[in-house]
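So, here's a batch of structures to check.
Okay, so chain A shows up in both of these, paired with chain B first and chain C after.
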Partner chain A sequence: MIEFHNVFFSYQPDKEILKNINLKINKGELLAIIGPNGAGKTTLLKHINGLLKPQKGYVKVLGMNTKETTVATLARHVGFVFQNPDHQLFAETVEKEIMFALINFNFPEHEIKERVERILHELDLVKYRNKSPFVLSGGERKRVALASVLCYDPSILILDEPTIGQDYRQKLNLINLISKLNKEGKTVIIVTHDIEFVADFIPRCIIMSDGRIIADGPTEEVLTNSKLLLENSLLLPQLVEISLALDINPPTINFEKLCSIIKKIIEMKEL
Partner chain B sequence: MKIFEFEYKCETSIIHKLDPRAKLVYVILFTVLTIYFTNPLILLLIFLSSVPMAILGKIVRKWLISIKSSLFFIIFIFLFNFIGIFWTTGKIIDTIIISIAMTIRFISLISIFSIFFLSTSPEDLMQSMIKLKIPYEYVLTFNMAIRFVPTLAREAQTIIDAQRSRGLEFEKGNIFQKVKKYIPILIPLIISSLRRAEVIADAMESRAFGASKTRSFLYTLTMSKKDFIFISICIITFTIFLFLRMFSYIQ
Partner chain C sequence: MGIVEIRNLTFKYANSDKPSLYDINLSINKGEFFLITGPTGCGKTTLCKCLNGLIPNSYHGDFSGEVIVDGLSTKEHPVYELAQHVGLVFQDPENELFCTSVEKEIAFGPENLGLPRDEIRKRVEEAMAMVGISHLRERSPYELSGGEQQKVAIAAILAMKPKILVLDEPTSNLDSLSAYSILNLLLNLKKEYEMTIILVEHRLEIVAKMVDRCAIMNEGRIIAIGDPREVLYSDIVESIGIGIPKIVKLAKRLKLSSRPLSSSELANILKVKK
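Entry: the complex of A and B
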């Protein structure tokens, strides 16, 4: 589905940003990429829709080699929501903003209307439909950017730091939306610094540091490896910290599991 | 798509070590020359005279990139001149010569200015402007404008990437459709620059910018022997070019 094979990339000749990336992502997976600032996460994402082409190795998406495919062709299948919504919003109204991609991809008129309507409802944006995207708050602008990509229904969805600036309710909405999309069979790739978000909701986790993938596996395994996390100046999930403080071995990120272990410890003390 | 490269990088070449005021003399004299002359051969000579500067400054690679990335404008200027002059005069050979001259003139200007900015640190530039008794507010404005060119270039790149991800294709369409495709790039670029300017202004005021009339500086500049030698070379070359002009009149 998505395959990185020995990929190297640099913006300037003397400084490699991606160093020998090997990665396989299957259809319908939900995964997170975490890592410190400047690790190369965004650079890696830009390889998936062909904005950047590997200088060594290759990237294949849905069987297409990104070097031989145009960005527009890939973009039809790979939806990419950028880190900063201000980098893409330009239209007079929220509605027109959402139409932009649909028009680029030549959707028929009645379908454009239908899709805009659906996505406005889905992302709670109906009341802003005729407003300028620029007068909205940061979190709202982020949702407009998300809507403007989701509307054309790409089978792979890439979200670069979607949780920034979202209040708790919107974060829950986002989680619901992501899991709904994922259940429909979409592949969802999320880059984030929100480690609790990953621990609670994302089944697969990749850690990047200094241009390399240093861990890749089930979130439960990756995020409980406290040594690895601390070495790469990443925050431990709170549940792991509790586990460590209580000498629970192996540590866990599962809330119910941790509670039952703690209950057992308390019961043993009482006996 | 790649954007201009004007970013200063800390290096230690002879050109980097020159006083910015000396380099400013170079820029002014040679800009005057490129504007003064219309003969394509002499303009080519002026351009070639900037090549050793790039080599001595060890900035050849970046210098080439900034010339290459202005290719779009270069072609535009050539075509614009060509059509315009041919329309009014109808003489094909004159038209070609003048269009070529205009194009070389533009390339020379790009070359001279990129050499200056690639080899001069923003701090040095600021100091020399203060020495030239320019009010601090203007110096700072100018300095920030330059300092944000790389930021702006990278931002433009990101915006292009974001719109391409939503299916915008620059390659397709006729010239009018192509021009229209720059709207989704320019609007976010302008808006986010304005947003940033606002934030920076607030941040500066909250750190007491403008609170007192006089300010102290961390370091100051002095002209040395090599700067005077450099200025002399510039003036001599300038004069030689002026003689060339007289010579061509005699001919």
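Entry: the complex of A and C
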């Protein structure tokens, strides 16, 4: 449902940010894109909702070529939650913030009410409904931004650094919500530096570096490639670091698996 | 007496209906690297603001009890005076930086103290060297990476020569490698310069092995305090939902008799030689 074909892009001449990106994402996938700062992750995302258009190659979203489709049309299908919530929040109250897109997409009034109610509950924002988004904490503002996108039910959801400013419990809430949306058939694409979050919860992982996709596959495969991670200034997942320290080869990001391997080591050495 | 003494501190913001801090008692020793963690909204940031006197001097509310930093009661001394004893670094460096070059940024604090030119120059050089950013001196803070910006913010505080450094989630907007670099820098400030460091941080997997003691806060109270090996391995920590390092989860699951905080410690326990 999302296809990048030989995509090149640069903001300035002679400085390519995306270099020949080829990528296919199927309906209902949940995947993460990781990589060092300046790798081109956010630039790639902006091609999915048509904010940026490829200079060479093409991007198709739900069969629509983004060059021939308006951002407004794409926006109805592609919900984008930015890294910094302050870049998208502006309404007087949390409730109005969430209603904004619904009104713009001409939803009937009773449905607007119903959707706002549901999303306020789902994201634990009921108590803030009449407050200004700007008096909330960073983590809370992030949830408001997410709510303002989820309310109009786009089939593709893009989250840029969703775990920043969230504590552990909120991260668990976030992944529960993401899993639920994903099970309902939404395609969810997450850009993050939070490698633990990816290792624990996201099935497919892409690594970008210097404008290219340098790895794409099951997370267990991609994130246990310690050489590749270190070469690209990425910190190893904790369980991979532990695997390496214990000379366990291949390393794993699976907690249960690592437990049983270590149990065997203990038995073998009769510690 | 510790370099920081907090006695029966309770604080309620003027616009709030319940206190953000309840009866906090805490003593931190000179040269200690002290970690505070806990879920969002537990009162960590409010406690930081009490340490440099922003509370009660600049915030309205009900303040009771006492906070004494480097011998000064925060009730009786203005913020600018306290700033020379305790420096506060915030989460988002972009909110603190405003000068056109790194050097000017760092000079700003000492200039405002009205120090002589030579002293200012000396302090700027020292502060840049302490955090390892001398090579960035002429750059604009805005063109630096998030991690470098946070180092500039830390250097700007160090130029005030505080004995105590308080940092409120300094790495939460950074990628993990930059975070690692900032946290290592703090460990170095403790070791090389004997600074007292009070750090609010969620990345326990990186800091647990660095700090001398830690406190867990929940709903305005300190609910556990002590050696990180005691605190992080206690059951109370799991119950309030903070991100326990995986090494701790692993050791608990395997019912190991010792309490490793790093993978190399675990390798030693299991007698794995590389």
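Definition applied: the second predicted complex is superposed on the first by the 270 of 271 C-alpha atoms of A that agree within 3 Å, B and C clash if a C-alpha of one lies under 4 Å from a C-alpha of the other, contacts with A are read in each partner's own complex, and residues count from 1 in each chain.
Criterion: a contact is a pair of C-beta atoms (placed from the backbone, for glycine too) under 8 Å apart; a residue touches a chain by one contact, two chains touch by 3 or more.
This is a predicted model, so every value here is computed, not measured.
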Clash-or-fit label for the pair chain B, chain C on chain A: clash
Is A:D247 contacted by the first partner chain B, the second partner chain C, both or neither? second
Report for A:N130: first if it touches chain B alone, second if chain C alone, otherwise both or neither. neither
A:I164 contacts which: chain B (first), chain C (second), both, neither? second
Residues of chain A touched, compared between chain B and chain C (which is higher): C
Based on the superposed arrangement, let me know which partner A:S233 touches: chain B (first), chain C (second), both, or neither? second
Once chain A of both complexes is superposed, is A:H87 in touch with chain B (first), chain C (second), both, or neither? first
Go through the superposed model and pick first if A:Q55 touches only chain B, second if only chain C, both, or neither. neither
Considering only touches as defined above, state whether A:A101 meets chain B (first), chain C (second), both or neither. first
The shared contact residues of chain A with chain B and chain C are none
Residue ranges of chain A touching chain B (in the complex, touch as defined): 46, 49, 51, 70-72, 75-76, 78-80, 82, 84, 86-90, 100-101, 104-105, 134, 148-149, 152
Contacts from chain A onto chain C in the complex sit at residues 36-37, 137-139, 164-172, 193-196, 233-235, 238-239, 241-242, 244-247, 255, 258-259, 262-263, 265-266, 269, 271
Along chain B, where are the residues that touch chain A in the complex? 155, 158-159, 161-169, 183-184, 187-188, 191-192, 195
Once bound in the complex, which stretches of chain C touch chain A? 39-41, 91, 145-146, 172-177, 180, 202, 205, 241-243, 245-247, 249-250, 253-254, 263-264, 266-267, 269-272, 274
